[in-house]
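The structure under discussion appears below in the form of structure tokens.
As written, the chain order gives the labels A, B and C, with residue 1 at the start of each chain.
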Amino acid sequence: MKFKKVSIILLVVSLVFLLSVSVMAADGEIIVGIGEEPDTLDPNKTTRFHSYMILSHIIEPLFTLDNEYNVVPLLLESYDWAEDGSKMTVELKEGIKFHNGTEMTSEDVKASYERYFELSPMANYLPGDKGGIYQIDTPDKYKVVFHFENAKPLALYHMADAHVGIMPKEWIENTADNEIGITKLVGTGPLQLDEWISGEEIIMSRFEDYNHGPDFISNQGPTKTAKMIFRVVPEDATMMAELMSGNVDFSFDVPPSSVDVLSKRDNLRVETAPTYSVQYLAMNMKREIIQDKKMRLAVAHAVNKEQIAKAAWFGVGQKIYGLINKATIGYWPGIEDVAYKYNPEESKKLLSELGWEDNDGDGIREKDGEELSLTLITFSNIDQWRKAGEIVQSQLAQIGIKVELETAEVGATYDRAETADYDIGIFRNTWWLGQPYLRFLTHSSGIGSSNYGQWSSPELDKNIETAGDSMSLEERTEALNRVQEIVVETGIWVPLVSNAKIIAAKDDVAGLDELLSHPWWPPLMRALLLHKQ
Amino acid sequence: MENKLNTSKTKSQAKESRFWRRFKKNKLAIFGAAIIIFIILTAIFAPLLAPYDPAFQNYDKLLEPPSFEHPFGTDDLGRDLLSRVIYGSRYTLLVGIGVVIIVAVLGSILGFLAGYYGGKIDTIIMRMVDVMLAIPALVLALAIAGALGGGIWNVIIAIGAVGWTQFARLVRGEVLRIRESEYIQAARALGAGDFKIISKHIAPNMMAPVIVYITLYIPSAILWAASLSFLGLGVQPPYPEWGALIANGRSYISFAWWIATIPGFAIMLTVLGFNFLGDGLRDALDPKMAKNI
Amino acid sequence: MLQYILRRTLYIIPILLGVTIIVFSLMHISGDPVKLIYGTNLTEEMLQEKRHELGLDQPIYSQYFNWVSSAAVGDLGVSIRTHANVWDMIRSRIGATLELTIIALFITLLVSIPAGIISAVKRYTVFDQIARIFALFWVSMPYFWLGLILMLIFSINLNILPVSGRGGPLWTWEGLKYIILPSLTLGLPPAALFMRIIRSNMLEIINEDYVRTARSKGLREYNVVIKHAFRNALISVVTLLGLRIPWLFGGAVITETVFAWPGMGRLLVDSIMKRDYPVVQGVVLIIAILVVLSNIIVDFAYAYLDPRIRYD
């Protein structure tokens, strides 16, 4: 009997020992390869995707999205939103600590929201001057009251965006503005910023006091990995070689061209999924030649999306019909019937109707002695865009349009698009919520900047606004569907390919299955779950 | 020296035959000349030589390795790489010649002014050269090309704008040497004007070093232009400039090595040709010149 | 000698002033700086206001003066894209560039000096012929292509060296292995040129009278070559070094881009792409200062090595 007891004790002890060993083994670091270096990690200044992805490990918003697209509290105990949408009261969780050791209070939330309203180019829905939050009260340490001027039905989604992440008030006030997001960043997130070595890597380490992971993630405490290092690997070939040689453990910037080769490696796991990010073509309505709808339709009918998906995306992307695709909130299946089909004969007919004919036999149409020539701009530094540009160039050549391809870095290309200095362009958008994205892209307030088509109509404007402001879900949906329809029907915006999200991980990276169960593989889950086995 | 004026004709004839004798003996120089003639012919007859249209995209043949059908393989849009390399020779030669023209014109004018008139003009121009030399030429060319925007003509302007300095120095040195020589003094004493002295006496005497310098400068221009294209600031896609081809192939180097490596051999061959020829010309014209250039 | 050093040092002032003029004009050949910074979606009045704010409504010479006077005290402005301080950005990159260029220079000398000497001493032997042909091939290769080929062989196929990036300190293998390929890429092509110059200089000197005399006095040939010929060949190496230093920084720009080496060169290329002109200006200026300073060091070395030089 005694022997049995002893052996049970021994068994328990050894189990505990084994468990603790396995926990200790979970320590260590994960090296994440990123294809683009962030411009800044200041959540209120950046508009770049990579900055957003990386700062989301450090800074958290009040809400987050679960794997069924529901907005759920993250830093909150509970929230109460008045029926008419005029007031939202939130109760903060007690005992949430910032990386600098101070506790998060209502004052910090207020200061962070105010800074977001003041600085962020992304703040186009929530701020008071957009009919949103005009006042923030802090009746006690853990209670925040947001007062809305008009009803803002999508407010929760916007409040789940890390661009309005919570930072400590005192720290914001005492830190130089050009240090925030460059050398320092303090939030409540599972990882804290140790060091950003420009051009090399961003080093983050586990925040031991983290205690508020959302319910849909199995780990709510501190991260399992001791460190996460984001290494800047700006070249596709290099990223691929780094993954193959094992210098990088994980990457969400895997070039589509390498999927085939990487999938065949024994020590790597490669996963792809459609994403909310899309590749589309836009035409500049400030140009006289584009203003004729026949010209736009000629271009739209001449573009073969399948070829782009095949050659530019190596089969990883999928052709799309609307600007909002299946993985985005607000997708409307009816768009398939609206979209213009590939039909080069129709294009040729339209061009002939406009009076463009190839009389000298050089393959390029001309009218009144002038060649039919368009300037196409796109990104030089992302292969899938540069190649889509070359493919569209060759497709338009087949119907007799000469295309001057002018590629430049992403920012420089958008500068040209915003200032209407182009004829047609191939751009990207990455946003998981349909309405704000279409507002950004097609509302009349964006003309001269983010409305790259440089066009809108009262009907389009009205529907965009209804889709964002109506308290009735049915009305909002109907309006958003109509927006999608108008946008494609005009021929100004031609959706091309839905991007694929690709990740690659070494086989000793654990926690991947759970991460993949969420449609977006969000940064928060990445931080809480991934670790080396 | 005095009778040089009288016997210059026969002397130059003698010089010429000596030059040819020396040149023909230099096997590498002949080899270099052959390479360059080969590249020039390729550029001229590209449409006849290329098996495919260099812009034709075949989406069923992406990244195919070299085969009988496509001796250099295909690129990421299914284009025939051999045809693209063949057409690429046109851009390379255009850049080389374009840059050399700018460099020669700018460099000669400024070098002449500095050398012939001396004094303040000389000081100003030579300080300008010193300043330009303090900024690495490639760095400045990159910045200028970036400011002007890409494209082949902007590349030629950017490289030409930074490349004239060494040439101006060379011309100035030659002008100084010739200007001090007795026969120029004599010509001047006889009342010849500046223009006559320059066109009749100085310019012909400078042809030899200028030709050698140009031949040796073309490869640098080609390499710089390829570098600019490689960095994305030169010739834009889809034009098959060799540097741009390498830049394009770089993304696929670990599984489609041919795209990035083969155009590199083309660049190397061209540059090698000009280097061999330049060395040969220099040795044949004047073995002692080796140290000055 | 002291006077020479002083005068040579003072000479850099007009050079640097000239450099600042070129660097300053860079921003102005690329169009209206305000439009570059703020885009054209501002109204004309707002543009005017911004111009005033940035001092761009002043005459060009006073704009230049303002820029130079702030640059002189280390204020190079802020980046258009990230709003970070330009000098801070450069400062975090300068170490990597110096590390790369110095090691590459070291490789150049390490390869070219022995090869040049042996080539000259064993002239017209198989070694000499092979070395000379190799040298011609090396100088004909584009840096970026050589880099890619080395990467293809050693990193991708053999997998013995990392593909890119920068590791820890150089005295550890972790750090050293990262710099091997970039420094070879930057150091080998100029080695070919150096070798040719050393060879031809050595040949000239070996045939000179005083070396022949030394040899006939019965010293071992080895000593003759090293002591006399080499010291003189070194002078030509130093001259060439002065000429090649700007090329070294130019080559570093390309090499850093190929190997994602986090130095100033990559910062320069990135900033040119992003049309971030304050950063471009800053990097070009700093590179020019580095070139000028290295040239001075070379000049002093030259003066030290060659007793024939006159200091007036």
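We adopt the following convention: a residue touches a chain if its C-beta (ideal position, glycine included) is under 8 Å from a C-beta of that chain, and two chains touch if they have at least 3 such contacts.
Since this is a predicted model, take the numbers as computed values, not measurements.
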Which chain lies the greatest distance away from chain A when centres are computed from Cα atoms alone? B
Chain with Cα centroid nearest the overall Cα mean is chain C
Which chain pair shares more contacting C-beta pairs: A-B, or B-C? B-C
Using mean CA coordinates as chain centres, what's the chain A-chain C distance in Å? 40
For the pair chain A and chain B, the C-alpha centroid-to-centroid distance in angstrom is 47
Between the Cα centroids of chain B and chain C the separation in whole angstrom comes to 22
Which chain B residues reach two or more other chains? 232, 250, 253-254
Of all residues in chain C, the ones touching two or more other chains: 151, 156, 273, 275
Identify all positions of chain A at which a residue touches two or more other chains, and write them in rising order. 235, 241, 244, 380-381
The answer for chain B against chain A in the complex is residues 55-57, 59, 62-63, 76-78, 149-150, 232, 236-238, 250-255
Taking the complex as given, what residues does chain A use to touch chain B? 235-237, 240-241, 244, 255, 257-258, 261, 307, 310-311, 314, 380-381, 383, 386-387, 389-391, 393-394, 397, 405-407
Where on chain C is chain B touching in the complex? 14-16, 18-19, 21-23, 26, 29-30, 136-137, 139-145, 148-149, 151-152, 156, 200, 246-251, 253-254, 257, 268-269, 272-273, 275, 280, 284, 287-288, 291-292, 295
Residues of chain A touching chain C in the complex: 39-40, 45, 178, 182, 197-200, 231-235, 238, 241-242, 244-245, 247, 380-381, 408-409, 411-412, 415, 418-421, 448-449
Under the touch definition given earlier, write down the residues of chain B that touch chain C in their complex. 127-128, 130-140, 142-144, 146-148, 219, 223, 226-227, 230-233, 243, 246, 250, 253-254, 257, 260-261, 264, 267-268, 271-272, 275-276, 290
